[in-house]
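Have a look at the structure below, then the notes.
Going by the order they are written in, the chains are A, B and C; count residues from 1 in each one.
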Amino acid sequence: MDILYSIFIDPFAQMIGAPDLLVQTLWDGLVGGMLYALIALGFVLIFKASGVFNFAQGIMVVFAGLTLVGLYEAGVPAFIALALAIAVMYGLAFAVERVVLRPLVNQPDIILFMATFGITYFLIGFGEFVFGGDPKVMITDDLYLPKGSFNVKMLGGIVNFQRLDIVAVVVASIMVAALAVFFSKTRIGRALRAVADSHSAALSVGISLEQIWVIVWFAAGLVALVTGIFWGARSNVSFALEVIALKALPVLILGGFTSIPGAIVGGLIIGVGEKLAEFYWGPLVGGGTDAWFAYVIALVFLLFRPQGLFGEKIIERV
Amino acid sequence: MRAPGGSQGGREAVAGDILLSVEDVSLSFGGVKAVSGVSFDIRKGEIRAIIGPNGAGKTSMLNVINGFYHPQQGRITFKGEARPRMRPHDAAHGGIARTFQNVALFRGMSALDNIMAGRTLKMNANFFWQMLRYGPAMREEVEHRHKVEEIIDFLKIQEIRRTPVGRLPYGLQKRVELGRALAMEPELLLLDEPMAGMNLEEKEDMSRYILDMNDYFGTTVALIEHDMGVVMDLSDRVVVLDHGIKIADGTPDEIKGNQAVIDAYLGVAH
Amino acid sequence: MLYREAGQFKTSYASDQAIFPILQDRIGIVVILAVAFTLPLYADDFIVNAVMIPFLIFSLAAIGLNLLTGYTGQLSLGTGAFMGVGAYACYKLTTIWPDVNIIVWVVCSGFFSAAVGAVFGLPSLRIKGFYLAIATLAAQFFLEWCFIRIPWLYNENISGAIEVPQRELFNIIVTGPRATAETRYYVVLCLVVAMTWIASNLMHGRIGRTWMAVRDMDIAAELMGIRLLPTKLMAFAVSSFYCGVAGALMVFLWYGGAEPAVFNINQSFTILFMIIIGGLGSLLGSFLGAALIYVLPIALRFGPELLGLHMHAATVEHVTFMVVGILIIFFLIAEPAGLARLWQIGKQKLRVWPFPY
């Protein structure tokens, strides 16, 4: 009975007993989840437009952050380094299209998926080769990002908010809104959706696939850069983040591979879910549950709702 | 080839009991009705054609018989037994084989392995002997290789045994696919457009194989085909679908004269 | 001219169904085996211990993954964890029953990882491709967590690592720090040869055909009467069995001890890259891929030094990553069937040499 009590009753009693802690946990989960969502967003952009499941998205986040900090450390002023990092992400998009996507066009999805493993490894090796393998500190001050935190008294306790996190949430929201406008209102955005529906149909009405691919990979690169800046500011910039970046995959399973709102909601659910699970139930099994919690949730989802929360039902034609 | 409409009398005598019957079957995807209220039967030993314009629900009908789709309404009786939740592998156990409209071969395997795969159900050496590839496993392998070689001879594809099927031209792929289905020694063989995209010569070859197979092995055949000449020549009875509804059923001669069929193909002002 | 099948007529289907129907291939295999079994006589300890043993173990793991991914078409990113299950199972078994022959436990540990693999293979009924890959990530991270958080698995060692006790086989020390490189090499070699032979037998028979049928066209396979779930689960189980044995061998006969980090996601990737580069759906490819991926860092470390250049260990690692990444993309573009296909093309050329037309 003890075990049942500690699973089903005690955690909820704690939540009600100390609501400030609950709010704090929820907030931390939301911020973490938003970063997962941003990585997942990069995945969705590329998947929607090219049908490529880009495993390298997580690494692109680290690579972008590393480029920014690496250039700064090499003596480039912060905002010029930022501009250069954007240029590097464009170069990467261009190179990926030329070297990887174009020769592999019309190959099975799974081959393209595995090719992105190649991109992942290349970027890890290249990034460390050029900028060194040591963890780096994000240049928050020079980019005029706020730091420090403030406390808010609520619910009979104190909840702590990092200023940086609030800015991150605002910037992420603006970025998602901008992307939504881009997709629905601009000419290129409409072309992107056309490509997502059918490659050959898009080709036949005169849309250049090459150009579209460069654009989406570049857009994903920009998202990666923004994610890299905020993530790097929370911890360090190093390829150890790779394992955390993989968490975007379960987020995608929850949200569906083609839905931007899905990526956001999925990210938040995973972020909050794993924080709550770790904080209230983790101690029962010795902690560290956030290493696998997201994947197990995804697994359960895969079994019961493979198309995700927002994805369309997949009807397999025989 | 058989003279059009000439020998049906003789063939009717061959065709015996009802092998499979489709009763009042309806199938829809979401709101789209693919098949509604269709009934027909297939008799043992006959060649039964299912025809109709594009989107008439022919392939869906085969998929229902196969167990890929389960009809929302109606039932399928095979060998006197109704199996409402039949899965495709149950159909295979029961003796139903199938070829596909777009060739569905195992592309990474050789023609020989593809046809050998058709024998899977007839092989039963256990894991242990399979591991050693000795004793029962090896005996079985050789025994079934004999059967498969018979089929290879029958279809005249000796030269391409070892070729990965992905590299074969379309016509030969269709032939290998037929071989794979034959290797299952089915009682009922469903052919989905076996002659699509073939030239005249290939069509004649394929027609010959279908007739021979029906004669020698006594395989009952249900086929979908767009080439009316082929259908009228080959089949004993024809069922015509249009927009998921059966509009005619009978011998090729009857079908030829049927006004509803002519309308469906040529279109009428509604 | 030397490599010809002309004049070698098959008089029975049994001989035509043989795994190496061409005489020269059979001779080649015998030569390779002879070299492998006499290697310690003329190679030094470094070659045996630091090159051959890991190469064979990685090859075995690559075969395991290839059975699942290359032959059955189910992409798995949990190889490292399945290897870990084998290693920890073997460790528990031999510490609970120390008197039983260690080789028995190494093989038995495969059954444990087979069972775990089959459980994590269950989602393969409903999902495929990268969806399944993500599901196997759940196995990877969950099992890795178990290796860290369940002290019972490593006998409550303070270090959190497992250390291989000394075990004997026919009075010869096989495991532990006092076992010689030759002994360990022979044990690994025998197991790897036997298991490769079994894998080859399986893949050339009915089981191999059903697996490949599921890989190439699952719908048509179902129509041949192949039940998808049992087939896929069996592939998961057999594959994990191989990976588990490889994991046990890795800890017991190579490292001599292991931390959970040995079985992390990077290990899974390493094995996956071996089969992509070596050749999906090819046993030979598993060996070639393992050789290339494992030898590459060694070559990068010592190659430039021979030329008088000095490279940092870290730099070597970075360059290895880059080269592996490039190789993967290169092989997927140029020769998706990997090194094994290149080998085949080479053989085909040799067969018609010197008159190619």
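In this text, a contact is a pair of C-beta atoms (placed from the backbone, for glycine too) under 8 Å apart; a residue touches a chain by one contact, two chains touch by 3 or more.
Here the structure is a predicted model, which means the values were calculated and not measured.
Note: the chain lying farthest from chain B is A, by mean C-alpha position.
Of all chains displayed, C has the C-alpha centre closest to the centre of the whole protein C-alpha set. Distance between chain B and chain C, defined via averaged C-alpha coordinates, is recorded as 42 Å. Rounded to whole angstrom units, the spacing between the C-alpha centres of chain A and chain B is 49.
Mean C-alpha positions place chain A and chain C at a centre distance of 33 Å. Those residues of chain B in touch with two or more other chains are numbered 68.
Within chain A, residues 318 each touch two or more of the remaining chains. Each of the following residues of chain C touches two or more other chains: 219.
Residue ranges on chain C touching chain A, taken from their complex, read 75, 123, 126-127, 129-131, 133-135, 137-138, 141-142, 144-145, 148-150, 219, 265, 269, 272-273, 276, 314-315, 317-329, 332-333, 336. On chain A, the positions that touch chain C within their shared complex are 53, 99-100, 103-104, 107, 109-111, 113-115, 117-126, 128-129, 133, 243, 246, 249-250, 252-253, 285-289, 291-292, 295-296, 298-299, 302-303, 306, 318.
Taken together, the chain C residues at the contact with chain B in this complex read 12-14, 16-17, 19, 198, 201-202, 204-207, 209-210, 212-213, 215-217, 219-228, 281.
Taken in their complex, chain B has these residues touching chain C: 66, 68, 87-89, 91-93, 97-98, 100, 104-109, 113, 116-118, 120-121, 123, 125, 127, 130-133, 137-138, 140-142, 145-146, 149, 180, 184.
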